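Each of the two complexes below includes chain A, the first together with chain B, the second together with chain C.
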Partner chain A sequence: MASIRLESITKAFGRTQVLNGIDLDIADGEFLTLVGPSGCGKSTLLRIIAGLEKQSGGDVNIDGKTVNDIRPSRRDLAMVFQSYALYPHLTVRQNLATPLQLRDMTFTERLPIIGRLAPGYSGKRAAIRDAVKNVSDTLQIEHLLDRKPGQLSGGQRQRIALGRAMVRDPAGFLMDEPLSNLDAALRVHMRAELSALHRSLGTTFVYVTHDQAEALTMSDRMAVMMDGEILQLGEPDEVYQQPMDIRVARFVGSPQINIVTGDMDDDGRIAFLGVKLARRPSDGTTGRISIGLRPEHLYLHPHTPGKTFCGELVYKENLGSEVFLYIKVADTEDNIIIRVNPTEAQSIALGDETHIAHEPGKALIFNDQGRRITLAGSPLGEDAA
Partner chain B sequence: MNGQSSLRGEVGKHIVLLLGASIVILPFYLMLSFSFKSPAEIQSITGGFFGAQEMMTDQFCVKQGRPLAECQMLPVVYNYTAAFREAPLLRYLLNGVIVTLSIFFIQVLVALPCAYALAKLRFWGRDVVFGLVLFCLLIPVHAIALPLYIMLAKVGLTNTYAALIIPWTISVFGIFLMRQFFMTVPDDLIDAARMDGMSEFSIVWKVMLPTAIPALLAFAIFSIVAHWNDYFWPRIVITGDRDLMTPPLGLRMFKSDLDGNEYGPMMAAATVIVAPLVVAFLLAQRRFIEGITLSGMK
Partner chain C sequence: MNLSRSSMWFVAPAVFLMFILLIAPVFVAAILSFTDYSLGNPDFNWVGFKNYAAMAKYSAYKKMFSASLLYVIIVVPVSVLLGLGAAMLISSLRFGGEAYKAIFFLPVMATLLAMAIVWEFTLDPIVGVVNAYLTRGCDVGWWYQFISGAWYGADPTTSWYGNGCNEGFPLWIGDKDYALFTIAFIGVWQAFGFNMVLYLAGLTSIPRELYAAAAMDGADSAWERFKLVTWPMLGPTHVFVITITSIRSFQVFDTVEALTRGGPSKSTYMMVYAMYEKGIQQNLVGIGAAITVVFLVFVLALTLTQVYFVNRKVHYS
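After this line comes the complex of A and B, so read on.
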């Protein structure tokens, strides 16, 4: 059990600045996800928490103690790696026992034959055996204990890696994209299993991923990182529905949010693709703006000037329960993606001209710096111009 | 048509390969054959591979005044007993084992931590150090033999095992080979070991060493073959003491001791000296090929 607190962590590799002053409070028992595209510094941040990498500036606190100069093994954190990093020459049982042997047994006790003579040897051996057994029961890996990692499938290795982290009963788990090497079905299954594990252990989890779906499904809170900064930190729902930065909006959500450019007239009214919004910026922003529209907030609608925009259907992506329509709209770079139900999708064919409206109050407006602009007025109903 | 031309190609390939193989094997074949035959057969080049194995008389035995019946023996027995009688072959073999194994052991002891540091630790000047390692690969042993000899002579180590071993304990090739192999070991594995609480030295011996077994075997073969067969260096530092001679050196001494035409015992001695390497190769053949592929690929 541990809370982790990061204070203005910076990191530079040579002249490349990787982290620019990260502040982050991770509560005891929380499942916090660091999510971002590759190269955003999330793995580096995790390695700094672990102590595998030394920060260029700032402090790492674990349970109120500054651990900047404490070795990784003394921080009482366990890490699960993307490549599993099991010792290839040891059996699963030995892999699981190694962290305990290193922590609990003295140097002499670890020696092959002399160790047996040390007082307390057999007691420690028994304790380690029990711990390994407990963990293998929990993860249902007893039948694999005598195999070597090379004889296991990816999913099994992943479990062993998890077991090796759990066996020490650490104060916190650090996970570096642990599911990335699994196939899609297993990944979805393991997501649920990791969430369950987190609930049953009640320990702090810091989880790094580039997959926004993992972040949305598992975390208590997620921190979206980009270019060495945390752009937004919050509960998954909040980050998804109220992104404060256009980069966050783009990154979170699949398929991606639709971004169209819009203008604002002198009166402060926002218009895009011939659609006018009722709400106005509350802070008097003017100039170029971008409007973000999630696929599920767009729908097919009969042609209505001022309320709908039109385009040509170029692709249907059928997922069974729902269908995503890709619509080429003049004046936009990317196709507009809208989500419809399968019956609706049957009513139109490729090449058809379609008219689209958006759900009132759901449009997300960003200024030319990409920051979110709040709109004045009640969101519902009013901007259905 | 196509099948036939490919068949012809195959035949051609095999002819070339067989020719190459026979050039390599022929001296070896002669050595083995001579070690079986009587002096007369060797002189007249008769008797095929094994010789007729007719009873022959051991002149040395007769000179010692033993009864003639006792001195009658098969040529093959004569050759091999003479080899062991005329020179302390077992002693040479033992020396060879002591020297090559010590060299290899210390080479590993030095090369593994060096290679680990060069491959996985970040420190100032690492690339320069690695550049120096590569540079040292270019220095021929013969060029530094004289200074080495003088240094060893000054500290009074000539005619000792130390003289045979010390100059070879730091193998630049070993460092280079292991470094290249360690580069392929994922960083995560090392980080996992650090999280588990291993010190850097434990990581070298408990994590890197076991994963590097294939590369180490390849290196073992190169190192052991090179130092078992080395004639140049033992010839320089072992000047008097016959008890310290390594097999190739012993073989040379052996020749000067016997009459010029005693090829049989000499070839028997050569066979005995080569045998351990051949046996070791046959046992580790697959590993050997793996090792060469490994060092060639990376």
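After this line comes the complex of A and C, so read on.
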């Protein structure tokens, strides 16, 4: 069991600043996901927690103790690597036993033949055998124990890597994109399995991914990182529905949120593509604004001035249970994407002119710095249009 | 002409060249080893296994085998371990690695024959710097005490160094007890830079994440990480380096020819030098060919061992 607390962690490689003051409180037993685009510093942060990399500034606390100067193996954390990093010359059984041997057996006990003479040798041996057996039962990998990593499929290697992390019964797990080398179906399956594992172990998981779907499905809380900063930290629903930064809104959600630019008239009312919102910014913001509209909050609607905008259907993406329509709207750079059900999609053909309305209260407004703007008289985002 | 016929015409030139240039010479050597042929003679007699029997009988050839084997047994482990050590030190450097690489690689690039002349001067008993400095050290009190073991109470005159001071230092390549070791030393000096480069390549191919995994798993000391990651991951490199170094050591010739000519009293009479002396200098082609065949058998055995290890053990699959 471990709570992990990061206090203004910074990291620079030479002159490149990779992390700019990360503060993060990870509760005991929590599944926290660090998510962000490639190169934002997720792995670096995870390696700093593990102790594999030394931070340039700031403190890492585990269970209230500062561990800045404690070596990785003494932090009682286990790590699962993207490449699995199994020892290729050892069998699966030996791979699983290695962390225990290194932790529990003395140098002499680990010597090939002399070790057997050491007192306590056989007891420790048996304990390690039992631990390996337990883990391989849990993960259902008994039949692989005598193989070498080279003789396993990617998914099997992934399980072994997980097993090697579990066998020490660590206080926390650090995982760096453990699923990214698996195929799509297996990845979805492993997502469920990892969640189940987290529930049954009850230990802290810090999980790094650049796949927002993994973050949304598995985590208790997710931290969206970009350019070495945490932009937003919260429960997946909250991050998805109430992004506080336009970069977060763009990153989380697939397909991406639609962003259109809007104007504010002298009266402070917001208008975009001929649609007017009823509410005004509470803080009297002026200047360029951006409006974010998720595909599921847009729908086809008969032409109504002031309420709908129109465009031409250029592409239908059929996912079976739902269809995404890509609509070219004059004055916007990107196509507007809306989600409809398959029957609705059949009623409209490529090239047709379509009219679109948005669900009232769902538009997300961002100022010219990309920060979220609250609208007057209502909590975040609830702008009855 | 059908397809398979025409395809034969395409491969014929390559097969022909391969046969003439690569396979035939070995056959010719094998055949000559059963004759008493001399270059220039119009014909020759078949002598059966006489040449091979001679190799088993005369002490010169026994010395040839023992000198060659001893040379290989010294040069291979020492130059392999030194190469590995140097590679690990260099790869752990933050800067300056390139300079070290170039310096250690110098002996590999330099012609051994030219270098042999430098060694000849260095080791010369009269004018060479080695013995000059050893002799001068006899008069430097603390150095003499230190080297001769007097500091822990031994009698300095019984030590190697004390003895050298009194009786004179070895003649190195002129002394049958020292010549082979001196040649082997030069062999190591020459070979380890090459092994170092091979090991450096091997080290860079070890995934960094394995070291991170080892650190997480509790391999806290450098030795543990070496044992768990570096050494096993270098498996394919070990096999290659050891095989190449063994073959190259079996082939040692330049230093012997330049420094000792197989002497003194055949103590450095290595195989390739023997081949050269018999087959070329003395024009005893038959016995030279027989040595060549035995030599090839050794090399083939080494190569097959390598193939075995590469296939069996070190590819971890």
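In this section, the second predicted complex is superposed on the first by the 377 of 385 C-alpha atoms of A that agree within 3 Å, B and C clash if a C-alpha of one lies under 4 Å from a C-alpha of the other, contacts with A are read in each partner's own complex, and residues count from 1 in each chain.
FYI, contacts are C-beta pairs under 8 Å (C-beta built on N, C-alpha and C of every residue); 3 or more make two chains touch, one makes a residue touch a chain.
As the structure is a computational prediction, the values presented were derived from the model and not from experiment.
A.B. asks: Mind checking the superposed model to see whether chain B and chain C fit together on chain A or clash?
C.D. replies: Clash.
A.B. asks: If you stack the two complexes on chain A, which partner ends up touching A:T10: first (chain B), second (chain C), both, or neither?
C.D. replies: neither
A.B. asks: Per the contact definition in the header, classify A:A78: touching chain B only (first), chain C only (second), both, or neither.
C.D. replies: Both partners, chain B and chain C.
A.B. asks: According to the stated criteria, A:S195 is in contact with first (chain B), second (chain C), both, or neither; which is it?
C.D. replies: A:S195 contacts neither chain B nor chain C.
A.B. asks: Thinking of the overlay built on chain A, is A:N61 touched by chain B (first), by chain C (second), by both, or by neither?
C.D. replies: Neither: A:N61 stays clear of chain B and chain C.
A.B. asks: Quick one: is A:G150 in contact with chain B, with chain C, with both, or with neither? Answer first, second, both or neither.
C.D. replies: After superposing on A, A:G150 lies in contact with chain C but is clear of chain B.
A.B. asks: For A:Q94, select first, second, both or neither according to whether it touches chain B, chain C, the two together, or no partner.
C.D. replies: Neither partner.
A.B. asks: Is A:A50 contacted by the first partner chain B, the second partner chain C, both or neither?
C.D. replies: both
A.B. asks: Could you pull out which residues of chain A sit against chain B in one structure and against chain C in the other?
C.D. replies: Residues 47, 50, 52, 71-73, 77-79, 81-83, 85-89, 98-99, 102-103, 164 of chain A touch both chain B and chain C.
A.B. asks: Flag every residue of chain B that touches chain A in the complex, lowest number first.
C.D. replies: My answer: residues 186, 188-189, 191-198, 207, 210-211, 213.
A.B. asks: Contact residues on chain C for chain A in the complex?
C.D. replies: The contact residues of chain C facing chain A are 207, 209-210, 212-213, 215-220, 224, 228-229, 232-233, 235, 315-317.
A.B. asks: In the complex, go through chain A and note every residue touching chain C.
C.D. replies: Listed in rising order, the residues are 47, 50-52, 71-73, 77-79, 81-83, 85-89, 98-99, 102-103, 148-151, 164.
A.B. asks: Report the residues of chain A in contact with chain B in the complex, numbered from low to high.
C.D. replies: Contacts found on chain A: 47, 50, 52, 71-74, 77-79, 81-89, 98-99, 102-103, 164, 176.
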